[in-house]
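In what follows, a structure is listed as structure tokens, so that the remarks can point back to it.
Going by the order they are written in, the chains are A, B and C; count residues from 1 in each one.
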Amino acid sequence: MAQNIVFELDSNVYSKESIVKCLYWYSNDFTISIKLVNESYNVSLKPFTELQENKVSEVTKKLNREFIDYNLRDIVKKETNTIRELIIAKAFSNGEFDEEPKGDLMDPLGIKFL
Amino acid sequence: MVLRTKGKPHNLHEFAVLKATRFKHKADNENYCLLVDDLKDIDFSKFDNELFIVTTSPLDETSFGGKSLHTIKSLSHISEDDILYIGTDGNLRTIYRKSSYQNYLLLTERCNSNCLMCSQPPKDKDDIQHLHDIHLKLIPLIPKDCFEIGLTGGEPTALGDKFFELLTLITKELPNTEVHILTNGRSFSINALAEKLGEINNPRLMLGIPLYSDFYQIHDYVVQAKDAYYQTLMGIQNLKRYNIRVEIRVVLHKITIPRLERLAEFIYRNMPFVDHVAFMGLEIMGYTKANLHDLWIDPVDYMEELEKSVSFLARRKIHTSIYNTPLCLLPQDIWGFNRKSISDWKNVYFEECNKCVLKDECGGLFASAEK
Amino acid sequence: MEKDLIQKRREFRTFKDFDYYDQSSKNSYNLMPFNFFRLNEKREVLINEIGDFILAPAGSFEKIVSKKLSKENDAELYADLISNFFISEEIYSPNIDIIANRYRTKKMFLESFTGLHIFVISLRCEHTCSYCQVSRVTQNKDKFDMNISHIDKGIDLMMKSPNPNLTMEFQGGEALLAIDNIKYAIAKTKELAPVYGKNINYVICTNLALIDEDILQYCKENSILISASLDGPKSVHDKNRNKPHASSYDLAVKGIKLSREIIGKENVSALMTTTSHSLKYPIEIVDEYFNLDFNGIFLRNISPYGFALRTQKNKYETKEFLSFYKKALNRIIQLNKEGHHFTEDFSRILLTKMLTPFNVGFVDMQSPAGLINGVIVFNYDGAVYATDESRMLAEEKDFSFKLGHLDENSYNDIFYGTKSQKISQIWANETLAGCSDCAFQQYCGADPVHNWATQGDIYGYRPTSSFCEKNMEIIRYLFELMDSDKEVKRIFENWIN
């Protein structure tokens, strides 16, 4: 019996990386195909061994949420990748990349520190 | 407790910093002045002109050729070997008390913060040079076995170069003395300053730095300075680069209490190397009175947060203390963290305290709390 | 000028209200690196780049990432997120140097390089344990004992480690069968340690069947720690660990008591191994350790190497182990609630990573993985292996993790040779598929040897990795326990302080 689990994911909302990372976890139990058609990723999962009916809906429900979760993670990753690299560069540096002091240190009369 | 008085100056062309003695033989030393306060009808013409005389008696200025401060109301507050500042205007201040464990040097009243509860509100007047000149004379006179001195203000680092000059002198003259510096730590966000402090190489320095919240906006609001939170934290990181000891001070009031536990957790996670954390009861003085409405919370109402915060840090082996809070207010399991911390010159006990068996262990209250 | 100053002073000294110090820009904030994991239907955990976490209602991550979080309406969570480096009002948190220091602290174990040096002093053994990864040979000393020349060369290599703190651990077979060689090795090392400026801990791993007062006196005089094997109560232990003609359990307990008497309780530890048989007795095994007055127990699963894999007896699903683990952990928590201090050591390692800014030098759970940079193994025949498990693979004729030989290779050949370099490409979980986006990345590690042994590939395939399945579920479970029961959180905090 055809047990294809199918998703249509808008490519303007879901990134390719997030979809692939999500499906990685299902790659042992399903044959997976991803096709970009008219700005949508058509995703289909076909189980290697036949699943019980309730298991199919369980997987569908889980995947539905996980596509969103992985997409959110991907948004964070893309937005923060440079910061992450900066943190690691600083962690293994010897102070060469230290931040400059923030803001103003003066009192009304003007302090001469150095 | 009296620390200031005034008299009539005679032959004073510049200020003097001198140790006080009531013994003539000690007064022959040029670092001493002779206190004369128990005799009537003294014939000052018999005194050596090299002496510096500080007396309650009126002085016939023609009879004595040396320097003097006379016609002072009382000298009974001055003990043997206390160190005095005598101004050309006749001001007499005790700037070091031999019997006290808590001598603090006021380095300046300038400050780049404006804390809502500042007990010593800043003055935007440049007093640095004058006070510095006094301290340069004071430090060599301090007994070498002095256990601890404090440097406070205002903001000590406002002295700029002079701050380091003073510390270098202290390190040289008082190598066995603990030096407790109260600073907002913000200037050490400039790493070069932390490095300079490290180069002085005094292992007895301890910087007491206030941190009022883990959330930047609350800290900045309490100290009334934008970016102060980030500057202070950067300062602490820089100081630790040079192994300088850091104490974090938290004043307990309505604004700091709500996130107190989170602050304790923040300190542990991000600064587990901190040498001491002090939780301090509020002193109703200075700016506090003006901002009382925003600050006042009955200590009874924050004992739960205080207990949780203190226990959290203590369990993680961070040295923790509670200051300025009488034992009767604290939950018993944190009594061990309480210290007798109120400067003796502002420390009182109430009438009821005389009945308390723990009176000796207890720190008592601020004089200002009597209201 | 004067007017200017007066104006400045007035402005500076006028008190401003709380809102004045708000540095956010109109309802927007930026994200800092962080991840999340769903604990169950109602709760999720947010975890930042350095492993600090916030337990929150389900849906929080989505709200934060979609920039729907409000500084006004979600004030407390907003402040928590700013203070703990989850979000920022600037391009990145001005506390970034603090974050970097924290990150450096988490990776501090890298600074010193190899600490644990395992000397497989003899392969001979008088037990025949069902799960033993080594072949069980009893007689031939020459063939199966480490010879003096190899001991010397191993010690030389050990002294070359940049780490000033070393652990010299003697294993077997049954190490005590070669006690004379152990004495030689320790004497030699003690002589050399001050020359190289090393501080060394000595450990002997033994089943205790052969322990006696003389050996223990020697251990006492030389500050040697004993690591014994105790699988559980007699019914479990003896079933797992077969000693011909005697009860291994009786000998172990007798040995533990005698060892404690002579070298002190704090210098005697015990390790258990879980077999399929053990899985039926979580409570009994915990109680056995508790009743024997140990401070805690390390609930280990069986490693998938050597004899263990071959016998049907010891192939079990990770799910069964997890069920065993949870029952045992809950028993331990119950003991703690009754006022006893008794720890579970695997969770203690995880909890240290979760609840403190520090890391633990546990080579099986670090990234980069601990092989070579944390531990090295000198085998009885002079071969050098990356980990203990690697030499067990070698017993099965799989030499994938053999790094060289004491007679043929230098320190550089072994530690920086082609094999090491190849392993170092894939030993950081930050770079592995499945791990690189995992919320638990900072608590977990990588185990290339495990991947190779179970999946035939050092990179590993997370969806079927038992290492992954076990760690993820235990971490999730620890979060769930702490989230649902404040007392459990307190107990866990006591374990790590």
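Quick note on the criterion: a contact is a pair of C-beta atoms (placed from the backbone, for glycine too) under 8 Å apart; a residue touches a chain by one contact, two chains touch by 3 or more.
These numbers were taken from a predicted model, which means no experiment stands behind them.
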Farthest chain (mean CA position) relative to chain B: A
Distance-to-centre winner among chains (Cα means, whole assembly as reference): C
Distance between chain centroids, defined by C-alpha means - chain A, chain B (Å): 54
Between chain C and chain A, distance of the C-alpha-averaged centres to the nearest whole Å: 28
Intercentroid distance (Cα basis), chain C paired with chain B, Å: 48
Per-residue multi-chain contacts in chain B, two or more chains: 122, 124, 226-227, 230, 234
Junction residues of chain C - those touching two or more other chains: 5, 9, 12-13, 94, 97, 101
Sites on chain A at which at least two other chains make contact: 98-99, 102, 107-109
Residues of chain A touching chain C in the complex: 21, 24-29, 68-70, 72-73, 75-77, 79-80, 83-84, 86-88, 90-93, 98-99, 102, 107-109
Complex contacts: residues of chain B adjacent to chain A: 110-112, 122, 124, 126, 155, 157-158, 160-161, 186-187, 189-193, 226-227, 230-231, 234, 241
Residues of chain C touching chain A in the complex: 5, 8-9, 12-13, 30-36, 38, 49, 61-62, 65-66, 92, 94, 96-97, 99-101, 103-104, 107, 433-434, 437, 461-464
Chain C residues touching chain B - in the complex, by the definition given at the top: 5, 9, 12-13, 15-18, 20-23, 52, 79-80, 82-84, 94-95, 97-98, 101-102, 356-358, 493-494, 497
In the complex, chain B residues that touch chain C: 114, 116, 122, 124, 214-218, 220-221, 224, 226-227, 230, 233-234, 237, 259, 262, 266, 268-270, 272, 290-291, 315-317
